[in-house]
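In this document, chain identifiers A, B, C and D correspond to the written order of the chains, with residue numbering beginning at 1 in each.
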Amino acid sequence: METTVTQLQMIPLVYYIIFCTALFTIGVVGVLVKRNALAIFMSVELMLNSANLLLAAFSAYRNDSSGQVFVFFIMVVAAAEIAIGLALLVVVYRSSRTIDINILNRLKW
Amino acid sequence: MYAIITISIVAIIVLFFGAFGKKKVILPIIFVGLPLAFIINLMGWNQSIHYFNEMYIDDNFAIAFNGVLIFITMLIFVFARVYYKSVKRPLEDIYALILFSLVGGLMMTAFGNLVMLFLGIETLSLSLYLLAGSKKSDPHSNEAAMKYFLTGSFASGFLLFGIALLYGACGSFNLEVIKQYVVQNQANIPAMFTIGLLLMAVGLAFKVGAAPFHFWIPDVYEGSPTLITTYMATVGKVAAFAAFFRLINASFSEVDFLWKTSLIVFAVATILIGNFAALYQDSVKRMLAYSGVAHAGYMLIAIIALKGNAAGVLLLYSVSYSIATITAFAVLMMVRKETGSFSIKSFNGLAKHNPTVAFAMTIAMLSLAGIPPMIGFSAKYQLFVSAIEQGQLPLVIIAIIGSMVSVYYYLRPVVAMYFTRSMVSEPFEAAKLYKKQILGMVILLLILSFIPGLIILLI
Amino acid sequence: MIIALLLILPLFASIFLFTGKTGQQSKNFAFLASLVLFAISLIGGYELIAAPEKALFFNMDLESILGVNLLFKIDAISIIFVILTTLLVPIIIASTDKKEHRTPHFYALIMLMQTALIGVFAASDMILFYIFWELALIPIFFITARWGGENARKISIKFLIYTVVGSFFMLIAILYLYTLTPAPHSFSFDSFYQLKLSYSEQIPLFLAFFLAFAIKIPLFPFHSWQVETYNASPVQGSMLLAGIMLKMGLYGIVRFLIPLCTDVVANGSLIFLPLILFGVIYGAVIAISQPHLKKLIAFASLSHVGIIALGLLSNSRYGIEGGILQMFSHGVNVVGFFLCYYMIVKRTKTDKISELGGIASVAPRFATVFMIIVLANVALPLTNSFVGEFLILLGLFSYNKILAIIAGLTIILVAVYMLKMYQQIMFGEKKASTENFIDLTFGEIMLFVPIIIAIFAVGIYPSFVLQLLQGVVK
Amino acid sequence: MVMESSPFMQSISFLLLLFPLLGFLAIGLSQKQINKKLSGIIASSFVFLNLILTFILFWYVSTTNQTVETNLFDWIKFANISIPFAITVDRLSALMLLVVNGVGFLIHVYSIGYMKNDEGVSRFFSYMNLFIFFMLILVLSSNYLMLFIGWEGVGLCSYLLIGFWYKDHANNNAAKKAFIMNRIGDLGFLIGIFMMFHTFGTLNISEVATKASVMPSGSTALLIITLGLFAGAIGKSAQIPLFTWLPDAMAGPTPVSALIHAATMVTAGVYLVARSSVLFVLSPVTMNLILVIGIFTALISGLIAIYQNDIKKILAYSTVSQLGFMFMALGLGSFSGAMFHLTTHAFFKALLFLAAGSVIHALNQEQDIRKMGGLRKKIPFTFALFAIGAIAISGIPPFAGFFSKEMILSVAYEHGMGMGIIATFISLLTTVYMFRLLFVAFYKPESDAVKANHHIHESPKVMLIPMALLALLSMVAGFIQIPALFSTNVNAFSTYLSPIFFSAHQLVPASGQNLNVLTEWLTLLIPLTIIAALVYISYIRFAKDRLSAELSGIQKVMANKFYIDELYDFCFVKPTEKLSLFFRETVDQSVINRLINTIGNATLYIGGRIRLLQTGNVGFYLIIMVFSIIAILFFNLIR
């Protein structure tokens, strides 16, 4: 454990931040540009995981385990989330035979 | 804390009985369990117990809001009884989900730690995603659930990233620690902290439905089954506001320059967009959804005001908004059941044969519009007073302009009910089902109208 | 005690009436209740006459429960309006015709309205005032929309929104004032009166208040709801509106604009007085060619209340006292006028002036009564309006001679349109619609009796009111 | 100056007001129950009671030279304003009391006969009593505002009585016109009152006079006050430019014309100016205006009268002319002259009207003199009485008109020869129209209408006796004030009034250089000669059965009353109506209402637009969210 932390600390924190931000941005952009609901789910997962990584990095740098604990919570939540998301996707697919989010526009104005 | 446990146990029991198809015992269990939770919740009054290393704090703020949330949920179940009367299935899943989401809501009001906040939000939201889509055969419901899920999880991502950045800046999820950090570093706040705070604010703004993150609200509210809409519009919103308020109040009150302007912009946009967009709605359900947006704008003012008795005002506003909204939605459920439509036209001439229902709707509308002497007025005016004491006169003026606009659309159902020729010539069948409950809501609303002072001074 | 009775009694009566069975019973009950209220208000008036400097108080600090402080105070100014309300409401209730088949709700709403009106005039806490102010809208909205004529629905919505918009401006002003009060902020009138507002603070305050009151009164150019609403409303609704509710706005001017925005009223009058004055002439001129009696009453009322506002804002004692007196008189007169209108419409089913004529020859009693009311509107000496208008114009004259002279033109114009209207309706040969015009019955005459008594009592012995006011008008 | 008046006199003066009011209420409230004849008797007896009281009061004030002041109650009283309901009987008001109650009583009696067959007779008498009540308030008031009550009150009665036969809209229009034109004047009156209060802080007549007498002559305040009061007088006394209502007012029953529109109400303007003599003498500009307006009114209406054919209209224009003559006298500063002429004029003009009424009565409501003729023989009594009236008004000695006119004329000549000649000319006009009327109606051969009418009959005694009494008064009333030329001792009238105008005369030194005796004789005799000539010419011109020639040029203008009504219609009535329509249709509907509705609709429109933001597309929502976040971060970080 100790070694891992020191190994992690070898890379400057800024790198983690930049990397995670980039990852997060990719996730956001993915959500924006994709029309396929599954792809969007994946992008959202990317966003969550970038946050996870960031938390882990901070946790390591600060020698504070709570960040890593949180990461586990997030993973659980993300799993639940994706389960629910997929369930909804199936229902939507059944009714409209597509998972393109642009057809979801009955409700408007 | 024990209220959460109680409710969770009740939910599990409900699931259990549902699995064995005991439809008849489910609701009675809930009606025993929720009041029990309510009482257990109140027992912690004035004790301010901290649980789990300050993850969960049962202070008066939390207890008051939790009491409100549990109480509202009880009301929802009262209507659930009639709403789902014709459904043969035990519906244990839906009930359990409601109870679970309530647990999430309770966590949101009492968190002492950002982890708890996140968990609460997600517990609430995940249940709501499912509930929104609970009418599987209805494409609208599906669409609503999907939209809610997509936007909601997206917003969760921002919230989470914000939490991560904040954690990076302060080194802790604990609100107290963050506050101390803020107090110490007031002069030079790092950009990371600011971004984190703002992203969190965005995430919460999404949850409360503040513009420009309100877009999910009208669609989701309209598409979801009405009972679930009612639940989302009340418990979901109140819990989110309690969380928002708690977060800002506990940790960031010293750095209001960081978030105040943004929140003011949110509030102004929310009030204006909500009220104006509601003007042109034909569907009463969608109109109420926009009204919910507009009210979110008003409640944001309480957060902006923050000092003084803003918490009490927020509580009062939550109560007034929730009770009136439930009443309105209850009438809507009834009308929908009878006419099959949410259109304002289906309200035509309601007063003639269903005077009680029409009266209830009127009272609810007047209260939402903030016309004295309804509780909605007391709430609004207390809100304005606390905002104005913090020097937010321009904001209040905009809020009042919004209220002017709102009078029009709140009046439309009233006018339709009382002054438009009816399509039907006899009392609604459904009215028999709903009448007592709705009457109870009206009485509640009227009683509350006379005790706003009590509610405010609670916390 | 009196204040509590004045508020609780009509409220309970209203709640009771909502459960009423038949219209006739409800009418009787409402009438009795309003008579009792009238008696109570007279007792209050009697107490105040004995000591005009004093006031009746009611103070119950329920802020921790109600959120507002129940602070009521009836002083000499208030009592005039309270009595006006309690005097007119029984007449209004009694005026409903059996044939109209009013439901108990109608009377319940009137009683609720009365509660609100008395509350407005008695409140001594700004929020309380605002609550009653808005509360008064709800019953009148329902009365208008439910029992009104054609387009009543649309018009009542317009009316409600218009006036609510106005009162929201008042709310802004109230909240602004609140922030100006010293540390533990307060909404009581007294704490507002103690403020020493600077000129720059007074200006926004004045604008907000003025807008709110101008819409309520209404003053030109905020009057467009008025004519439509009067026209669409059932006649009882019009009476409530014109007789009492308009006075709320004027009362607001007396209570807030004059004491709080002293400097603006003193210095800025030349900006807004001409506007009001234009409205006065405007209403009178339109009334000349107005083909419908009810609209004529509306425009006449626009003109009359404009004069009152002129007096109140003339920054002179005569103007203010005359204005208050005239508010009372106008309430009485306009209700009398609407009653006459009602008598005509009830019998002929038309209010088109050109379709009427020759009524005097078949209904001499009605002709006499109507003539008295017309003359009271024309402000003939010894009728109630004369003293008020005289004092108003005197006050205005001491403020600005030109304005007073132009305002004086109304006494000519009022004669023009009133006499023209009276002539066309009452004189000449009978027309088809008036062929079978039945003269006033005993019951109908009794409706007019209190009005006529009030007309002459105030006309002949106004000192009563004026001396009552003396202690209060500073 | 004011001594404590005796309670007895005070109560009498109070009863003066009470009686007619009682009469009004008694008759008015019980119209159905009282039979027609009784109402006339009740009304007359109340006025008779008043007349008796008047004699007592008159005797009292003329012997003791005291003023009876009675404070009834405080009418308007607060702060520094105090306007009591108080009555004052001094010599001037006692004189007016005599005129009002005396002539009033006679006309009441006359009306019993005249209105016998009218269905609204009790209404008529109640109005008449009400009129007496208000007229008495007018003359008895001790302050200007109370005077204003009477002033408007008589206007009301005038309105009610002109439009007495309300089924005909012509009558109603005339009534309305009278009321409105009076109101125009009343506005001036009110402004005068305001200015008075503003300047003096009181409206009490004697206090105002006292305070004003120390003010410099010609001050602006006084100018405004007097102009205002005079505007009121113009309206009430039918002077240019507000005189056109009076001829129209003849639409009312003839006794009304006699009482209100000849003898009493219309002279209220003269009374007002005389009452306020102190104010007026201190405002020379107003005095000159009065003079000019008086002259023009007298001239123009005199000229119009010559070309009228309606018997009552002729008398009406004559009244206007005589009132103008009185105002001329006032303008010249001869307050007692004006009052004297007012008094005598009340007698003979009432007589003339009543006689005309008798003629009309005889001819079944025929008023056109061209359809008369030869009535001298058919109704001789009436003729005789009418002739007395005509002679009196024309100023032929020794009837009353001669003396009163002479009193004014002498002042005019003292003022200047030109002035005197103008005054004489005006006075001569009277002769022309009166004798034209007399000859056409009574001498000219019977017209076809008269021939066809076999029911022409002399009026009953109840009508003739009051006329006879008036005729007697017209004959002898002048002898109380004989021109100085004949005797310097007999000047009871001016002596009687001298205390009233004492202070006014004090303020302005007597203007005139006294004329020499020869001139005076000439100014007396030459007009008389001309009168004689005019009577003769009139006889030749009108008494013969000559078809009246086509009117031409200026005559036509005069016959059409100088087109003044049309002018007013064009200048005031039509534009007001146009303005009214413009305001009602254009401003109110198209501008204001539309503006308000536009605001409402615009709000709705914005709502309609804003809701379109909600496209229903999740992708769009997400994009907006992201952009908002970027914007928020951007704005918060660049600081």
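As a convention for this text, a residue touches a chain if its C-beta (ideal position, glycine included) is under 8 Å from a C-beta of that chain, and two chains touch if they have at least 3 such contacts.
Keep in mind the model is a prediction, meaning the values are calculated, not measured.
Undergrad: Where are there more C-beta contacts: A-B or A-D?
TA: Higher C-beta contact count between the two pairs: A-B.
Undergrad: What is the identifier of the chain with the smallest separation between its Cα mean and the overall Cα mean?
TA: When every chain is reduced to its C-alpha mean, the one closest to the whole-protein mean is C.
Undergrad: Between chain A and chain B, what is the gap in Å from one C-alpha centre to the other?
TA: Those two chain centres are 27 Å apart.
Undergrad: Distance-wise, how many Å sit between the C-alpha centres of chain A and chain D, to the nearest whole number?
TA: 99
Undergrad: Quick one: chain A and chain C, Cα centre-to-centre, how many Å?
TA: So the centre of chain A lies 66 Å away from the centre of chain C.
Undergrad: I'd like the Å distance between the centres of chain C and chain D, where a centre is the mean of that chain's Cα atoms.
TA: Measuring from centre to centre gives 37 Å for this pair.
Undergrad: So which stretches of chain D touch two or more other chains?
TA: 611, 614, 616, 618, 622
Undergrad: Quick one: which residues in chain B touch 2 or more of the other chains?
TA: 146-147, 150, 154, 158, 218-219, 408
Undergrad: Where in chain C do residues touch two or more of the other chains?
TA: 161
Undergrad: Identify every two-chain combination in which the chains touch.
TA: Every pair of chains meeting the touch criterion: A-B, A-D, B-C, B-D, C-D.
Undergrad: Note which residues of chain A are touching chain B in the complex, please.
TA: 13, 17, 20, 24, 27-28, 31, 37, 40-41, 44, 47-48, 50-51, 54-55, 57-59, 62, 64, 66-67, 69-70, 73-74, 77, 80-81, 84-85, 87-89, 91-92, 95-96, 101, 104, 106-109
Undergrad: Could you pull out which chain B residues touch chain D in their complex?
TA: Result: residues 146-147, 150-151, 154-155, 158, 191, 194-195, 198-199, 202, 206, 212-213, 215-216, 218-219, 258, 261-262, 272-273, 276-281, 290, 405, 408 of chain B touch chain D.
Undergrad: Give every residue of chain C touching chain D within the complex, in rising order.
TA: 158, 161-162, 221, 223-225, 227, 282, 285-290, 317-318, 321, 358, 360-361, 364, 368, 375, 380-382, 387, 390-391, 393-394, 397-398, 401, 404-405, 408-409, 411-412, 415-416, 419-420, 423, 426-429, 460-463, 466-467, 469-470
Undergrad: Write out the stretch or stretches of chain B touching chain A in their complex.
TA: Residues in contact with chain A: 115, 118-119, 122, 126, 129-130, 133, 136, 139-140, 142-147, 149-150, 153-154, 156-158, 160-161, 163-165, 167-168, 171-173, 192, 218-220, 222-223, 286.
Undergrad: Which residues of chain D touch chain C in the complex?
TA: That would be residues 28, 31, 73-79, 81, 123, 145, 148-149, 152-153, 156, 159, 163, 166-169, 172-173, 175-176, 179-180, 183-184, 186-187, 190-191, 194-195, 197-198, 576-577, 579-581, 583-584, 587-588, 592-593, 596-597, 600 of chain D.
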